[in-house]
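Below you'll find the structures, each written out as structure tokens.
Both of the next two complexes hold subunit A, though its partner changes from subunit B to subunit C.
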Partner chain A sequence: MPRLAAPQRRQPRTVPGISAPGNPVPHRSAPRRRLRENWQGWAFMAPFLAFFLMFLVWPMMSGAYMSLTGKSLTGANDTFIGLANYGEAFADPDMWRSLGNTLYFTLISTVPLVVVALALAALVNMGLPAQWLWRLSFFSPFLLASTVVSLFFAWMYNPELGLFNDILMKLGLPPVAWLNDPSVAMWAIVIATVWWTVGFNFLLYLAALQNIPQQHYEAASLDGAGGWRQFFSITLPQLGPTTVMIVILQVLASLKVFDQIYQMTGGGPGGTTRPVVQYIFEAGFTGYRLGYSAAISYIFFGLILLISLAQLFITRKRSA
Partner chain B sequence: MATQTLPRPAVQAGTAVAGRTSGRRRKMPLSRVVATAIVAVLAVAWLVPFAWAAVTALKTETEAAATPISWLPASGFTLDAFAKVLGSGNIPTWTFNSLFTSVAITAITLVISASAAYAISRIDFRGKNVMMGVIVASIIIPPPVLIIPLFQQMQSLNLIDTYWALILPQVIHPPMVFVLKKFFDQIPRELEEAALMDGAGRLRIFTTIVLPLSRPILAAVAIFVFIGAWNNFLWPFIATNENSLLTLPVGLQTIKSAYGIQYAQNMASALLAALPLIVVFLFFQRQIIKGVATTGLAGT
Partner chain C sequence: MKQVDSRPMQLSRRQLLLGGGVLAGSLALGASVTGCGGAAQAAGNDLRFWHLLSGGDGIKMQSMIDRANAAHPEFTVKPTVLAWGPPYYTKLAMASAGGRPPEVAIMHAARVPGYAPGGLLDAWDLGLLAEYGVRPEDFTARIWQKSQLDGKVFSIALDSHPFILLYNTEVAGKAGVLGANGQLTGISSPSQFLEVARELQRVTGKHGLSYGFLGDGAQMWRMFYTFYKQHGADMVLEPGKPAQVDRDVAIDCLEFIKSMLDDTIATKSGDGGTAIAEFAGQGSGMLFTGVWELPTMKAAGVPLDATTIPTLFGTPAAFADSHAFVLPHQAKTDETKRRDVYKFVASMLQGSLEWAEAGHIPAYQPVVRSKEYAALFPQAHYAHAADIINYDPQAWFTGSGSDFQKYFAENVQNVFLGRIKSAEGWDAFIARIDALLAKPNPV
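Coming up: the complex of A and B.
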């Protein structure tokens, strides 16, 4: 979270074994020690720093430059064209549509991914027997690759042979064209996504629940507070920080959605589920326009920055 | 094997409920009984995709594509689909690629993140606050933003379609540096001071004192990174085309398009791909859950 970018002030300025009181080390002078600490520090940083510069900072910068050029995947046309790519992207209805799809997915997936996770964790934490079994059931899908999840669900969503329509028809309901109906497809993807990833948030909630001191509940039940009362007056407030963090992590994760959509609908029907990451991918690798693709990446990054700042602002305000 | 082990928890879910209802007489609160029942139903629902995939994979292609659909095929179950999928030889190759790259990514990530975290936590070098700030700020960068320039970079280095391209860009995990740093901060300084007095160097202190004391957090980070690497799709999908270099998730995607309508084989390969991590999970459940819960909180 950006808020952590603040310098670490609470780091004690002492050097182990040297500047700590009562621990004089006679042989080394202060400036030499400083020098040694400096090179040692950078030596320990160096391996990480090398990868960090090479595979994060450099691509970040070269991508920014690329977005200002007409670079294509095939030729070496990297003429500088200024902000033309950005101008084109802002006028591109497909870009806006894919951004809209991404935001829509984020909106409708985050709520169940947080609420269902909380409900499951709260239920399981009620002192149920066979904890391991529930954890196994709800968490194990998270261990699957997106391709496996997509294969499972594409099969269950199959219009004629799928399990879902079979159940609907046995209940006397009309079948649904799960992945082919523009008004249903995104929800179908959300259902698969909740099944796949809710276990992660569930675990985070479970860990947080187990950290709530039991005395709170004991005191509350002595005061005659029932289960629901305890949940709303003790559990939920105690989970506040965890919930804020899970929501933030979940929003950021959902904004990056690509895998399961690409694999289940390919962005269809008619582009109604195509997320912005897929549009970036297609502009670069099927449209051969790396420069344009990089520009959309940066617009997407800008959006993520804005959302993160907004979240930061809201949580700061609330905690103030 | 998956087909035999996976549906089993669903059955046990039922028995767990039954066991609890009898405990009700011993002042088991009604709310807890109800909660157990609800959770059991949900758990069974959660396992349905596994079970349905297993049933399909055990059918013949004809049975799998037959309507009305059935949980028990008329002609009985068969291992045909599994045999065909394994016979094609792709799944073992892709499993090896996934395993090799994930282990390499995890190992490199651990080494470089732990030493960076140690420097930031313990060494008083100039610029360390800036470094910490930069690393933490970089958490905000979404990996998909980097795919185009990374592809370009790998292409100009001639690394596309090599293990290098799969491994190198996946070893930077800024949140993990932060998690490790927080853990190192808690290790008593006295331990290091004593070693320093005895004349041990930094590297020695790091490898013989700090790292051994940090086993739990190193395991947690390793688990988190490994699961992520094992399942990553977008980058490996872009970085490789060569069939013999595909990772399991990417390879599976090509099977899907190749066999379009071979439902039983599709489900068999999906289950085979799911198997390794599920087996690992069954063995290391406690550590994995702890690892994910600890490092998943990396944001705070």
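Coming up: the complex of A and C.
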């Protein structure tokens, strides 16, 4: 197969017809010339830029400034107070608790969301009959709205009427207060979350699995490698980049958890499942303190940035 | 390989105009996505009305609005229904802070102190209200007092909706706990109440009482505050000062509620849905609930009567709140529309017999004093609750659907479940409230 020629890189400042010999470029300063020559490009980018500036850059700047004020939802106390909100947040046990809950959820949800997805994908990839049915069954919960999933699981977790306790009692086991026992509630949410979202990771893994050349397995089996050996020596290493991507996406998604917790436990019992996003919502919208809420948002933003940089560092080091 | 045409693109006038049109269109779309612009402005004689009443209440409310619209061709009330609790209250606050809220809205009366001082609500003009037949003397003292803040009237109550006791007359009859008048009477102490509940349990074989509280701060608070006020105790929450409460009484109330949740009298693991299903399925003889559950139980065919929660601790008292009309503050008030709002509210109050069918006690006393109301069963049996109701202690963060009730649940649910001691749960709740009172008041 002939190698594709590398695309020719255009000289950014050279526009044929203007810079051609015999048609000298007027003597102008470079930036002005560039602006004049690229205005069509800017015009095409304008709608995107307008949205980007309006809905990302401006809110970020405005939020950063808001975190330095005592701004309230009612419009009162819009005065600059420096870093006071940050000082208060760092001394606020509820903020630390909700941050801890978020990290705990991220930790205990990411592992099953990666491992279960891999296991399901490997099972389907083994060549089970009716593949479409498996793919549909594992992926379809992902299409449901968080409200539907939350209602559905809240009923199944109902201590008196729910399916889970019914099964436990039929097995002769004591009933569990799924969403009301502080030691169980977060796990109950993780179970619902895994059921709901594992399909996306499953699909990514399945696509990656189907891209592994069959010859590798044929060669390995000729050399006498068994199924497990092949899985650990061929499949897992080949899935490396996909796993890295899934872990990164999953950690970021889990850090932002809010919907299902808000709907299933409202952060309870006793605040043991309240994630930091809910605390930000409560501080700003039900507690009216927008400035304080913005400060916690920026602390959380800093934390996500740190985690993302750490992941980037680790994966770079590994691929180097 | 195909040569890339590298000539600069020449835009014709037509292309430029087309591109500009698309750009303008996308910007216009952006504006409408943000919710700015024309959509927020009511047309002609439309009065925008926001409320949080859904289910049976929502259907009744719509029927009352339709009637008011039919009676007043000069305006058309267009309601917007939003989800109860934080979704409603945050949107209302933000719309008012932005200066373009609806012309009129429903709020829980106990939430008004979190809105009025911040300038989110306008005061009512009593003179104008009187022109349409609504006067202060048309309300009971407690309700009228609650409508005021700093000497101004900020809310006009449509109803009061107390926490009450529904009971199954058939089960109660079999248990032999009904008085000579066929009603549940003569319970005046905690031990008597528990004994009646046990008698009912013997009949149902399941539970004597249904009380849903799991994961529901409002339910826990309603029950607790009813008993707390029955002790004659007070609760004062003043920003900048620690909460002034009667700790011994509070612990006593928590202990009493815990004693009901013994899995015989009532289940320890009952949430709202379970309690309603249990009582509707005749698995218990009594249900602690808000008046709004009455139509559900009637529809379920339960042989039913209702009463205020028996006075177990000396002082007749019941937790309640009121659905009340408020005037969200608008940057620019249209005087004609505002006058129409007064007409609308008066019309709703005067037609609130229909609202009573949903279980609520109308705030407008001429309706309560009417023959038609007296004939409403079992509503008339708890109408006197309006004289013993207690709203949440006043603070910017209290009231129905507020974080206050949520903080209560966070600390007290484990008490009810027997996981921590009453004193521990109560002290943690008060520590949380004290922390809130110590923070700057955002309204």
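The rule is simple: the second predicted complex is superposed on the first by the 282 of 320 C-alpha atoms of A that agree within 3 Å, B and C clash if a C-alpha of one lies under 4 Å from a C-alpha of the other, contacts with A are read in each partner's own complex, and residues count from 1 in each chain.
Assume a contact is a pair of C-beta atoms (placed from the backbone, for glycine too) under 8 Å apart; a residue touches a chain by one contact, two chains touch by 3 or more.
Because the structure is predicted, anything quoted here is derived from the model rather than measured.
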{"item": "Partner chain(s) touched by A:Val114 [first = subunit B, second = subunit C, both, neither]", "value": "neither"}
{"item": "Which of subunit B and subunit C A:Ile261 touches, first, second, both or neither", "value": "neither"}
{"item": "Which superposed partner A:Leu239 touches (first subunit B, second subunit C, both, neither)", "value": "neither"}
{"item": "Comparing the two partners subunit B and subunit C, which touches a greater set of residues in subunit A", "value": "B"}
{"item": "Partner chain in contact with A:Phe51 - subunit B first, subunit C second, else both or neither", "value": "both"}
{"item": "Which superposed partner A:Leu209 touches (first subunit B, second subunit C, both, neither)", "value": "neither"}
{"item": "Partner chain(s) touched by A:Leu252 [first = subunit B, second = subunit C, both, neither]", "value": "first"}
{"item": "Touching partner for A:Ala130 - first (subunit B), second (subunit C), both, neither", "value": "first"}
{"item": "Touched partner set for A:Pro59, first subunit B, second subunit C, both or neither", "value": "first"}
{"item": "Subunit B versus subunit C as contact partner of A:Phe300, first or second or both or neither", "value": "first"}
{"item": "Contacts on subunit A seen with subunit B and repeated with subunit C across the two complexes", "value": "5, 15-18, 37, 40, 43, 47, 51, 54, 160-161, 281, 285"}
{"item": "Complex contact set, residues of subunit C against subunit A", "value": "1, 6-9, 11, 19, 22-23, 26-27, 30, 86, 89-90, 93-94, 96-97, 114-115, 118-120, 214-215, 267, 269-271, 273-274, 277-278, 396-397, 402-403, 406, 409-411, 413-414, 417, 419, 439-440, 442-443"}
{"item": "Residue ranges of subunit A touching subunit C (in the complex, touch as defined)", "value": "5, 10, 15-18, 37, 40, 43, 46-47, 50-51, 54, 70, 72-77, 88, 158-161, 175, 177, 179-180, 182, 265-271, 281-282, 285-289"}
{"item": "Subunit B-touching residues of subunit A, taken from the complex the two chains share", "value": "1-2, 4-8, 11, 13-18, 20, 23, 25, 37-45, 47-49, 51-52, 54-56, 58-60, 62-63, 66, 71, 120, 123-124, 126-130, 132-148, 150-153, 155-156, 160-163, 166, 195, 200, 203-204, 206-207, 227, 241, 245, 248-249, 252, 255-256, 258-259, 263, 277, 280-281, 284-285, 290, 293-294, 297-298, 300-301, 304-305, 308"}
{"item": "Interface residues, subunit B side, partner subunit A - complex", "value": "9, 12-13, 16, 19-20, 31-32, 35-36, 38-39, 42-43, 46-50, 52-53, 56, 64-65, 67-69, 108, 111-113, 115-116, 118-120, 122-133, 135-153, 168-169, 171-172, 174, 177-178, 189, 192-194, 196-197, 202, 206, 227, 230-231, 233-234, 238, 248-250, 252-253, 256, 263, 266-267, 269-270, 273-274, 277-278, 281-282, 285, 289, 292-294, 296-297, 299-300"}
